[in-house]
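Structure first, then comments.
Chains here go by letter, A, B, C, D and E, matching the order in which they are written, and residues are numbered from 1 within each.
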Amino acid sequence: MLLGRVAGTLVSSRKDPSIEGIKLLIVRSLDADGEETGQSIVAMDAVGAGVDEVVLLAQGSSARQTEVTHNRPCDAVVMAIVDTWEVGGEERFHKHREGDGS
Amino acid sequence: MLLGRVAGTLVSSRKDPSIEGIKLLIVRSLDADGEETGQSIVAMDAVGAGVDEVVLLAQGSSARQTEVTHNRPCDAVVMAIVDTWEVGGEERFHKHREGDGS
Amino acid sequence: MLLGRVAGTLVSSRKDPSIEGIKLLIVRSLDADGEETGQSIVAMDAVGAGVDEVVLLAQGSSARQTEVTHNRPCDAVVMAIVDTWEVGGEERFHKHREGDGS
Amino acid sequence: MLLGRVAGTLVSSRKDPSIEGIKLLIVRSLDADGEETGQSIVAMDAVGAGVDEVVLLAQGSSARQTEVTHNRPCDAVVMAIVDTWEVGGEERFHKHREGDGS
Amino acid sequence: MLLGRVAGTLVSSRKDPSIEGIKLLIVRSLDADGEETGQSIVAMDAVGAGVDEVVLLAQGSSARQTEVTHNRPCDAVVMAIVDTWEVGGEERFHKHREGDGS
């Protein structure tokens, strides 16, 4: 899965009927240190993620394995909001210490 | 999903019978700022997109999840025409302000 | 889908039984201007493409959606021979003007 | 499949119900010489891998072919812990000689 | 599909039960001239390939379409041993002229 930060939202009125009502997010990819990699992706939202939240994305056919995205033309889904992660025994990201949670 | 701008069309007369009648588009990939990344892709059209329109593409097996592309050898589909998107609270693209919509 | 030019053929006598009788092509990838990108791929042939022809390839699970490749370990298939494409209202490729068609 | 070294763990409390109870690992990709490539991936754990262990990952739809990940939005799974590998008749990695096994 | 040369083997004792008994190969990727690209991949073996043999790999879900890999967490399979290929009417690789076949 891919780490990312929700950067914005996208609106489309003319679209395949199968994606009616689905929220589309612009997500910036993050590396394991929490730094932006420079790449962005448009993803469907399965968990109610908000702008600036750090999230986990599933891609490919696996992006269709949530209730929201099942059988839709979806190749990327936000399926978790990240609380914290650590690398080498050291915390690299903590949602609340970022100031976006509390 | 991938952002792109429809750049042109492609014609093939000798092809797998399963893609008879499908419109093929040449699409230039865009980043989250609306700039071309330099990469292009050929995609099937599920929404009647025209040249210069900014669109959303699904790739991989997810590209077969529209009515138009179901069960076809399709790994990229234009499945939405983008009206607008914003990043960091700022509008990065608006269809009508581009002059191609009104 | 990917644009490519058929560059050659590949022969294998010891192989998985499921690919017996399938023609294997070496294809050089092309960009939207018809220039080689420097990347090559081995693809199964579903349309009888010949060396030097410009073709369209489907990749991934979508490569198994032709009659020839169904249920085979095939991640790339030549599924159309390209007649012409245009970008920005200008023809970038025309099969017959290349001298390989007439 | 991809070689990697488990670098850390990730915690999420708000997530798609389908991934409840699944352990999420941060894995650094390794090349055939056992050197880090600089890329990281988040993967689900199907074998009880610990931090610093060298592992094998399956990606894409194949990541859903373990009992742990079946039908989940999982595009990367740790499905083996590597004991040893050799390239050109020479051992490039041995778990116990690394000091992390015995 | 991808061209590669078998470079070595990998051993794992703690692994998902679904891959018990499967041979794992380290394969170096080759370009259409037979030169190494610098990338390596771990693949399951469906054809009994030996070290130094030049092989063809299928990736993604297509890697599960051989009898050996069916329903396993396999995203790359060696499914053919290459005898010869030619590009531009010129032979670029011939198994026996390499000295590894006769």
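Rule of thumb we're sticking to: contacts are C-beta pairs under 8 Å (C-beta built on N, C-alpha and C of every residue); 3 or more make two chains touch, one makes a residue touch a chain.
These figures come from a predicted structure and were not determined experimentally.
By the document's definition of touch, common neighbours of chain B and chain E comprise C.
The minimum number of touch steps separating chain A from chain E is 2. Taking shared numbers over all numbers used, the chain C to chain E interface scores under half, which places it in the different class. Centroids built from CA atoms put chain D at 34 Å from chain B.
Work out the mean CA point of chain D and of chain E, and you get 21 Å between them. The multi-chain contact residues of chain E, meaning those touching 2 or more other chains, are 60-61, 63-64.
Order of chains round the ring, counted from chain D and going first to chain E: D, E, C, B, A. Residues 1-3, 31-32, 46-48, 56, 58-67, 69, 77, 79-89, 92 of chain B are the ones touching chain A in the complex. Chain B makes touch with chain C in their complex at residues 7-19, 24, 26, 28, 40-44, 51, 60-61, 63-64, 71-76.
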